[in-house]
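Before anything else, here's the structure in question.
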Amino acid sequence: MRAWRRVVAVARKDLLLEWRGRDALIPAGSFGLAVLLVLGLVSGGGWEAAPPALWVSLLLAAVVAAGRGADREGEEGTLEALLLYPGSREDLFWGRWLAVCVLLLLLGAGLWGVQVLLFNAPTRGVGVLVLAGLLSAFGLAAVGTLLAALLTHVRAGPLLMPLLFLPATVPVLLAGVRLSEAAASGAPAGPWWGVLAVFDLLFLLVGPALFEVVVEA
Amino acid sequence: MSPWAWVLAAYGCAALLVGGYVWRLWCRYRHVSRVRLGEADG
Amino acid sequence: MRPFAVGATAALLSVGLFLALWVSPPDSYQGEYVRILYVHVPAALAAYGAAAVACGASALYLWRRDLRWDFVGRAGAELAALFSGLTLLTGMLWGKPVWGVWWAWDARLVTTAVLFLLYVGCLLVRDLADDPERGRRLSAAVAVLAFLDVPVVHYSVVWFRTLHQGPSISLQGVKLAPEFLLPLAVNTLAYLALLGVLLAERARLASLEVER
Amino acid sequence: MRPLDPVVTEALSRRFGAVVALRGVGLRVREGTCLLLVGPNGSGKTTLLRVLATALRPTEGRAWVGGYDVVSEGHRVREVCVYLGTSPGVYAGLTGFENLCLAADLCGRPRRQVPELLAWAGLEPVAYTLTGTYSLGMRRRLALARVRLQEPRVLLLDEPFVGLDEDGARLVSELVAGVKDRGGAVVLATHDHHRARALCDAVAELDSGRLLSYGPAGLAGAVNRG
């Protein structure tokens, strides 16, 4: 009960700060938009280029969004205060994870809408896409939260973020693209639900444990 | 290009990379042991 | 023990080289290029071995906080980057004449590239951390994360390619006859021995540098 | 051999690369007392407090807070001890009220204490404005209210008087007195000896990470030298 209260408190704090400052959603969203535009431009903007463009832009936007939550703690010694409260630090991970999940779902929804407009993409199979979006948001938020915490005490941390985040999340990218294609064409999804599930399971199990190790003094 | 050129290029790469790594290890060994000897001298 | 291990590794490497360059016949399909595989495949196995060692030692370091595990973990991460880099280079030098392209989106190549990037990141995190102790902890975390992630990456790339289009020329098509198997086995053994020696020496060097 | 005293250190050392911030510091703070740490800038006061608060890991030596080892039982230490560093640790994008509610949620205290704490800290008029608009003194008052919310057994204060007026300094005295009355211990590092002297029972003087002198507040000349 107490752990749940702590998780919700951290997530609400992050989202409230985000709502007042909008300093993650707007930069990450406009960055994703720029990527989508550029990819559409070079690929000719055919509807078959839409799923890769959508997922690449989402992944790149996630790099920005996940890093921002950790940056915000840098000032005023709030991170140290947060870490020195009694109670398990896994709760802090889950709180931050929840907030990043919400941001990623908003980003994903926005980018999907723009992609439909820009690429003239079919809007069939929205249910499949929503589920794929949810599952990938869980995994991406876990990796992002862990890496952002890991890189706060590393020089040039924001530059290392993509180097670690993008290779590590290749499975989400591939699964997302194939599931989007499957949703659009009504084809069977193959092993991709399994890939997403295994990826989520891995990082939701390992993430909190490594987070505790990463943030300790 | 003759096939052997490709083969030798691959083996050359291996020799260069591994050799370079060993060389670097060796230099650092010498550096460490020199510092230790220096400390022992005074 | 140490001179013996180094000598045995050098001997194995020489025998492997001899078998690979002189004894092994050219392959009917790949021709002389098959000789590149005698360094490519063992290097790939050594890279995965080094990554496994890095993961295990890092996990042990995070658990016990014994510096000796960190030395091994660091050696493993460096060697994983080295051998995966070598695998990529030799893979490209094989791919260009045989496949006609420097790079194919083959699952093995992509997975090795991901491994290379993650371990380079691991080493960078260690060097750029604001405190050496923190650097050890953070890079250990990355080493564990990278090793767990790599199989998922591998299978997703395999399925991504194979379910979409027919597989291009893959290694599975090449049957291994005994005359190719022997040099491959000896070279693999030699590279694993080399990995072991380098791991031990790198870890020893790290411990010497800390004592200083 | 768990020590009974609330704060104990043994041969405590901490290095930052080549820089040695603490060298073999051994201290003991008894129940119901307050220890004043003095020393010039860079003498290791903040490092010592941060090691005790589990914000830093010691390089060598051991330390116990509330009877718990700061390295192996850090989570226990955090249950009995509160550290207030030089930065107040409040979110500029949240109001005073929201900051304290967050603190209450995180340490498992009821939220209904929050209005009363804001009144205690004299922040009632600005309770619903963002702390980004607060002065330094007001943010520090908010941090003091957070300490009071947690009611720690061991209180670690780093320059608690900075930016505070007489009224604010009284809040610090009340907190310290409260901890001492409950049989806890306070370790306080400051250059403001006039305000600190009245609160402290013992003085420890640090220089370049070394403990120069340690004794009852009345006897040691450290306060004047520091």
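In this document, chain identifiers A, B, C and D correspond to the written order of the chains, with residue numbering beginning at 1 in each.
As a convention for this text, a residue touches a chain if its C-beta (ideal position, glycine included) is under 8 Å from a C-beta of that chain, and two chains touch if they have at least 3 such contacts.
The structure displayed is predicted, hence computed values, not measured ones.
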Message: Considering only chains that satisfy the touch condition with subunit A, which of them also satisfy it with subunit B?
response: C
Query: So which chain ends up in the middle if you average the CA atoms?
result: A
Field: Mean-CA-position distance for subunit D and subunit A (Å)
entry: 37
- prompt: Roughly how many whole angstrom separate the Cα centroids of subunit A and subunit C?
  reply: 30
Field: Interchain centroid distance [CA atoms averaged], subunit B/subunit C, Å
entry: 18
- request: Could you put a whole-Å number on the gap between the CA centroids of subunit B and subunit D?
  value: 52
Query: Listing for subunit C: what residues touch at least two other chains?
result: 131
Message: Multi-chain contacts only, two chains or more: what residues does subunit B have there?
response: none
Statement: The positions of subunit A in contact with two or more other chains are 216
- prompt: What is the complete set of touching chain pairs?
  reply: A-C, A-D, B-C, C-D
Task: Going by the contact rule at the top, pick out the subunit C residues touching subunit D in the complex.
output: 131-133
Subunit C-facing residues of subunit D, complex: 16-17, 57
Query: Across the complex, what residues on subunit D touch subunit A?
result: 50, 53-57, 74-75, 78-79, 82-83, 85-94, 98, 101-103, 105-108, 130
- line: subunit A residues touching subunit C in their complex are 146, 150-151, 153-157, 160, 163-164, 167-168, 170-171, 174-175, 177-178, 190-192, 195, 198-199, 202, 206, 210, 213-214, 216
Of all residues in subunit A, those that touch subunit D in their complex: 2, 5-6, 8-10, 13, 16-17, 20-21, 75-78, 80-88, 216-217
